[in-house]
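Letters are used for the chains, namely A, B, C, D, E, F, G and H, taken in the order the chains are written, and counting of residues starts over at 1 for each.
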Amino acid sequence: MDNITIKKLLTKVKKGDITIENALQSFKELPYKDLGFAKVDTHRTIRCGFPEVIFCAGKTPEQVLKIAGQIIKHGSDLLATRANKEIYKCISQQYKNARYNEKAGTIVIKKSRSKKKKGLILIVTAGTSDIPVAEEARETAEIMGNNVKVLYDAGVAGIHRLLSNQNDIMTANVIIVIAGMEGALASVVGGMVARPVIGVPTSIGYGTSFGGVTPLLAMLNSCAANVTVVNIDNGFGAAYVASLINSTK
Amino acid sequence: MDNITIKKLLTKVKKGDITIENALQSFKELPYKDLGFAKVDTHRTIRCGFPEVIFCAGKTPEQVLKIAGQIIKHGSDLLATRANKEIYKCISQQYKNARYNEKAGTIVIKKSRSKKKKGLILIVTAGTSDIPVAEEARETAEIMGNNVKVLYDAGVAGIHRLLSNQNDIMTANVIIVIAGMEGALASVVGGMVARPVIGVPTSIGYGTSFGGVTPLLAMLNSCAANVTVVNIDNGFGAAYVASLINSTK
Amino acid sequence: MDNITIKKLLTKVKKGDITIENALQSFKELPYKDLGFAKVDTHRTIRCGFPEVIFCAGKTPEQVLKIAGQIIKHGSDLLATRANKEIYKCISQQYKNARYNEKAGTIVIKKSRSKKKKGLILIVTAGTSDIPVAEEARETAEIMGNNVKVLYDAGVAGIHRLLSNQNDIMTANVIIVIAGMEGALASVVGGMVARPVIGVPTSIGYGTSFGGVTPLLAMLNSCAANVTVVNIDNGFGAAYVASLINSTK
Amino acid sequence: MDNITIKKLLTKVKKGDITIENALQSFKELPYKDLGFAKVDTHRTIRCGFPEVIFCAGKTPEQVLKIAGQIIKHGSDLLATRANKEIYKCISQQYKNARYNEKAGTIVIKKSRSKKKKGLILIVTAGTSDIPVAEEARETAEIMGNNVKVLYDAGVAGIHRLLSNQNDIMTANVIIVIAGMEGALASVVGGMVARPVIGVPTSIGYGTSFGGVTPLLAMLNSCAANVTVVNIDNGFGAAYVASLINSTK
Amino acid sequence: MDNITIKKLLTKVKKGDITIENALQSFKELPYKDLGFAKVDTHRTIRCGFPEVIFCAGKTPEQVLKIAGQIIKHGSDLLATRANKEIYKCISQQYKNARYNEKAGTIVIKKSRSKKKKGLILIVTAGTSDIPVAEEARETAEIMGNNVKVLYDAGVAGIHRLLSNQNDIMTANVIIVIAGMEGALASVVGGMVARPVIGVPTSIGYGTSFGGVTPLLAMLNSCAANVTVVNIDNGFGAAYVASLINSTK
Amino acid sequence: MDNITIKKLLTKVKKGDITIENALQSFKELPYKDLGFAKVDTHRTIRCGFPEVIFCAGKTPEQVLKIAGQIIKHGSDLLATRANKEIYKCISQQYKNARYNEKAGTIVIKKSRSKKKKGLILIVTAGTSDIPVAEEARETAEIMGNNVKVLYDAGVAGIHRLLSNQNDIMTANVIIVIAGMEGALASVVGGMVARPVIGVPTSIGYGTSFGGVTPLLAMLNSCAANVTVVNIDNGFGAAYVASLINSTK
Amino acid sequence: MDNITIKKLLTKVKKGDITIENALQSFKELPYKDLGFAKVDTHRTIRCGFPEVIFCAGKTPEQVLKIAGQIIKHGSDLLATRANKEIYKCISQQYKNARYNEKAGTIVIKKSRSKKKKGLILIVTAGTSDIPVAEEARETAEIMGNNVKVLYDAGVAGIHRLLSNQNDIMTANVIIVIAGMEGALASVVGGMVARPVIGVPTSIGYGTSFGGVTPLLAMLNSCAANVTVVNIDNGFGAAYVASLINSTK
Amino acid sequence: MDNITIKKLLTKVKKGDITIENALQSFKELPYKDLGFAKVDTHRTIRCGFPEVIFCAGKTPEQVLKIAGQIIKHGSDLLATRANKEIYKCISQQYKNARYNEKAGTIVIKKSRSKKKKGLILIVTAGTSDIPVAEEARETAEIMGNNVKVLYDAGVAGIHRLLSNQNDIMTANVIIVIAGMEGALASVVGGMVARPVIGVPTSIGYGTSFGGVTPLLAMLNSCAANVTVVNIDNGFGAAYVASLINSTK
């Protein structure tokens, strides 16, 4: 497109349909309007099956509804995260096919029939309290077309739960480990596999868990070299990256 | 192997060559010696072209030499990180083919002719001071058989440097962004691509950079959802994960 | 005024209307009542078109009303920040021309017809959630007589939005950059201009954003040398300084 | 310059000296080399009298010498900050006119005869230990063509020192306040003037000064609304911004 | 039990009732289901008189009821911590013998008649506000079959209260010291005895108590060498460890 | 009293009314009940006119009432701090002479006619929001029999307010400086006098005031050597120490 | 002893050899000189086989030698921790039987033939770098007469090393877990046993390990309830408490 | 003096020796040169026997010598703190009566024969490592003319040492408590007396002592209400305030 624009402009210059001064002005404005990477945004959606996402925290139901309307108009799948019941009520009145996962705080409106990606994304949590973050990750990974399994409540204090699911752990292409408290699970899982592990520290705990800082630090200092980390409670981000890893370039 | 061991044992039981009591004893000891995931360590090396790595910080040259000997005996490639000149001197006397990258602090002894992996790992740094960490990442990614490119000194305060290398950025399968100070580069690069970006905060800076905490926090809070993070100055870890991502399962 | 007071006193001394002892006593008390810089407060208002400001947080509607009354009696413009609806209701009953910006939390009562200052103050935000802080800045800058433009939702993860507004960015005399999360926007904008950039970190984010500490640290460590910083969410302070910069001495 | 380049190209197109295809190729490469804001760098130097700056920390004398050579070749003034004696020795052997301010850690090679800017930049320090940071600021402000005055050792515990220099404080267009310990000086000076005050916290102090964090926090929370802040010990940055404020747009 | 399982399997192999291949499959699954240390869980209950514990924070009454049902079905004592009144109401409708300690936030359903352990566990608090944590500890220690005494409100600012109870302090086998504010009590008690002291920092205090961080740090730095520490407000954990110490191996 | 107890015991021993063994037993229990410094508590009340104090935070109205009853029974003045309206209602039903200072959160029941101490305690606040803490300090200092003056809203950004009250500042025997934000007031006042200054940081502020940590740090690092510091918002503690200083030994 | 002193005094009173007034004076001084718990210090040594310990950090060789002389004169075993070579040289010249463990930084002079305590103390480390802390713990535990085993380099990233030593882990009466980085080992070991686990975080690591704060936080938040924690690198303290636990009361 | 200056000026006005305009000019300059509180500096010295103090940290021997010369010329006593041997050598060559306390890092040159103040200042330390800070306090308190006693190594883990010195503790007018580690000593001493206690946290300790932050926090949260705090290791400041308290107004 922008090649075409430039060609047209140069042709006009050649023909004398435009003065050099005016052409110069157009060129000065050009690069900031149509840079290649701006178009990437559009490409990205098509190539990855990635839906537009609304982060609902701090938005009113009306604001969310309005943004949702624009996304759906473009034919995309919709994923809304951190959505409370009130937002869901507002959305579902207009979009009957909206599906709400209360634990996850996600609303999903799925249009496309994106093919499942081949690799498995495994989501492991340390405790039952980490499940909301895990559900956000699961919803995200699934709407992005991944094959997802979950393994909940497999904390290291009862390491046999982890070991008895060794098969899934070994099979996964990417593993998302979600843990609060001391976050040791990421290291233990990381030591068991030769695939990327994405650690999601959660704000579960009390006292010196400092709202998730403790598992965050633990995961950043993991003795297993295959662990990278996202922000506290960021189940969405972990699943988004996992899905990118799971996509063949 | 351990399947074979178990089969032999079972065969002995069947034949009566061993009492059930003695077989039971063997089984009780078995899982802790030959668990599936222990063997993974060996598999991992073969499958990923991953060499054994020695983290030299806090080790004497003699200790490093001794560990290196064991690794080389098993026919593996050797990668030593955080190695000072003294360690290199000690290693190179015994192993003439040891190669030292002084900036990176790495020693490499390459035996295998591992095929290059197809995907490109691009390593981008914000400033010239981030180069040591980047070199550690480069050496790690290369010995693991990846196709690696570097783009140094492309900080956001002169964003045109970044834009003029847009092609490499677009082509890469994984991007490692290495930045100190405010670490904004990870977000800007993250916003340009639809591939995983691994942020490495560096301890470059002064005052409120707090030895790398500031870029670490910035990267964890990136407005680009495709950024995951490793520990401060952990060039090795970033490259290790990038290589895993770059490997087809 | 205080020159006049001193002159009067000296004249009385000269005329013998007051003893030297009594004059001495008056002089001892004088400097603490009428120091030059105390008068500056008054001068400041006249010269800069700067209104009195009420920081409403922690004040009752009645307290705000009372202070507002004193300001208006002196003929000043009024700016109240961090004002909730209840405060506005109380103020507007008495002052019908009070204007409330709910997003900004500001109440404005404008009396003077101060001429617009020539230079442009541009206010840029990273995300939509930063808008309340930006609105506080805009209201402050406008009542201080500045020419103000806003550029909302121009975060670095979609850097083309920023680039497509390059003209305003280039034209501004001072730029206020308002960003939460990782605050990278200040560095990117700072790298684009040769004018002062005032960074306002916002408390937008979760987990390791630590209520705005992360963008604060990022802005303090900006690789762009033209960035100075104010307290988290301090839109008022940023606009106040921007207006001072925009005033010819 | 790049306007000229574009004009030449357009003229060639007009004349038919170059095919449209080839011109297109040139334009595609153009924006990343000569983007508007990249040229600003050049403009900036001319308009503000701003020299190129080398941040010497972590660079070898040879590296600094090499970068200095490139800057001087372009006819710019040179400012090197955080330079130790060894670096100075290396630079001065080649450039006899290099001037070293040991306290400031700055090396200056001045070529241009930039006219003094009219406004006064006043640099105030709380204690004698803050002087190195102040000297870095003074050297920076002076090579950028500003009229600079210094007022050293005027801490708030002896507030009469400050008051007895009230005239300079009142006259200044911008004031840089440099203070360690509790950093109260920024608030007191800020309360005395209606001009921008740039606070530079210093790492002077012990115990709970935490290497400058305490005065940084104090300045960020200043009860005077005209204070903005730069990183700890960042005398260069403060002077750079002060000079921009001091420049008429 | 799992010894029995293995024996049965081996016997089948011996008899030819199962093929070696199928036995192999069973063995591959075995270690991850019935590892020795997994059985420890069961052993632990029997040997220590340790009941199953439900940490109620973040669980609904229904969830707690469901888990409680499973525990009681296995014949264990039940201890629920951090239980509010609503949870108690729900539990007590089904289990009439449930006992609620409102201060402690504990629900206890005791089935077994575990013999008292011989050693004394003494629980000392600094102030009356620390009592809820102390009560959680007391309930935990008692249901685990310990002989428990409490000494409340014995803070160091009135050290005579402590000294007048010297006899109990001297007699105890383990002492749990529960203190907020500056947590000095742990050091003073620690200096008085030659037995293990477990410090429980509490979140009692304001300002720089930082929700219990201050007493935590104080206890970790105790000048008495016999003090170990658990998380803030973790009365349960302290009592659990105290009970283990009090059990003869 | 305990001297009398010992004398009685010794007399009994002398008279043979008690065996030496029994006396020994009594003495063994004695020191921990009636240690010299325990009696100090009683002495302290008499000598300093210091009333018993109830810290109401976290106590129910009934608990406060009960403790108050015991204090009043002993004929002491009563001071209750951090008391809400509900507590006051409960207290005032029983004690009609109870006086509530709602801003301060204090309840006072004064019985004794303690003579005013001669020295003046001056309480200075930076802003109007610091007044609740100041009122707590004033009530405490007054019930302890001190001569108290207050100087509210004298922050350093308008230093003339401070200077115009120089006489009170100069006259005071102890000064309590109460400030939030950057806490600079303590240093400025400290620099003006040669008497002890007690700094009380307050939790007033937002963003990087971190609930009072910023003024706390500022006061600890005061460039005035006569400043000591108490916990955030601890108006009671400051006044208590000020009163001790104001008492002649 | 002090019983005897009191008896003598009482006998003198009875006999009239001392006036009641004088006896009273003696009693007033008594409790502060010979309190029961002061004698405990002596008892403690005898009962627990606990030697006097010299913490050498910050002491000169001469100071250590002098203190050592006093300890040895009393016939106690000597343990000196944090001792460098220079201190050892100084000590060993005088005491030929002094034994130095360079890794541990301990000097031991053993006189007594204390019987081994029955229970096993197991010391487990995560990495080879944790060994110095472990050696300090081992030396401490051994001189206190315990039966000690060590299991070094058993970090969770290679969990099979831990599992293959399950027997020792199961047998131990107390386990000391020493780990830097993310400290996950304490939770994993804690989950395997029903005995007290004492976590020692070490300062091993870089970046966000913050000198041991990360494993400290991890251990305090352990999902295993049997973990208590000591200060960073405090091998001595852990062993001291372990030995107390291992002593039958 | 300045009263005299003003009188002279007024007399000249009365006599007509100076015009009112010129007198006005003199008065305008006057307050900033001779403000009342500036003179306090001089008064302070005379009244409190307070010498000028040089804080040597970061000053060269020559700088210290130069400042010392000015002080001595004015006839004041000299106190230099944080002075190393090199500084002492330089000072003592010129001033033979300079006395160096190496532990304290203080140099004292005493001229005046100030009378001892009546009240006792007691300095108590927790451990032997706190003695340098205590010696700085002692030297400061003594040169300010106080009656000083020291009680070293009286930490709370052996509380009998404290109790056996109860008489001095009870007698003191002000107590300075100097402690590192957990700083519990301040609370225990504070609980024993009804006089002001000034806590000095020291940087003694390791790991989570965080260079003195732990005892600082402990002292700020003391359960004894008579404790105020100064900066870490600030023995000088504590003694300075103690001396002010000890001076009758």
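By definition in this document, contacts are C-beta pairs under 8 Å (C-beta built on N, C-alpha and C of every residue); 3 or more make two chains touch, one makes a residue touch a chain.
Just so we're on the same page, UniProt names per chain: A, B, C, D, E, F, G, H = NCAIR mutase (PurE)-related proteins.
As the structure is a computational prediction, the values presented were derived from the model and not from experiment.
On a Cα centroid basis, the chain most remote from chain B in this structure is F.
With centres taken as mean Cα positions, chain H sits 59 Å from chain A.
Centre-to-centre, using mean CA coordinates, chain B is 39 Å away from chain G.
Mean C-alpha positions place chain A and chain B at a centre distance of 24 Å.
Multi-chain contact residues of chain G (touching two or more other chains): 31-32, 35-37, 158-159, 163, 166, 191-192, 207-209, 213, 216, 220-221, 231. If you check each pair of chains against the touch rule, the ones that pass are A-B, A-C, A-D, A-E, A-G, B-C, B-D, B-E, B-G, C-D, C-F, C-H, D-F, D-H, E-F, E-G, E-H, F-G, F-H, G-H. Those residues of chain D that touch chain H in the complex are listed here as 128-129, 158-160, 163-166, 204, 206-209.
Of all residues in chain A, only 3, 6-7, 10-11, 13-14, 16, 20, 23-24, 27-28, 30-32, 35 touch chain D in the complex they form. Partner chain F is touched in their complex by these residues of chain H: 36-37, 40, 43-44, 47-48, 50, 53, 119, 166, 170, 173, 191-196, 198, 216, 220-221, 225-231, 236-238, 240-241, 244-245, 248-249.
Within the complex, the chain E residues that touch chain H are 126-127, 155-159, 181-184, 186-188, 190-192, 205, 207-210, 213-215, 217-224. Chain C meets chain F in the complex at residues 31-33, 35, 37-38, 41, 57-59, 201, 203, 211-213, 216, 231-234.
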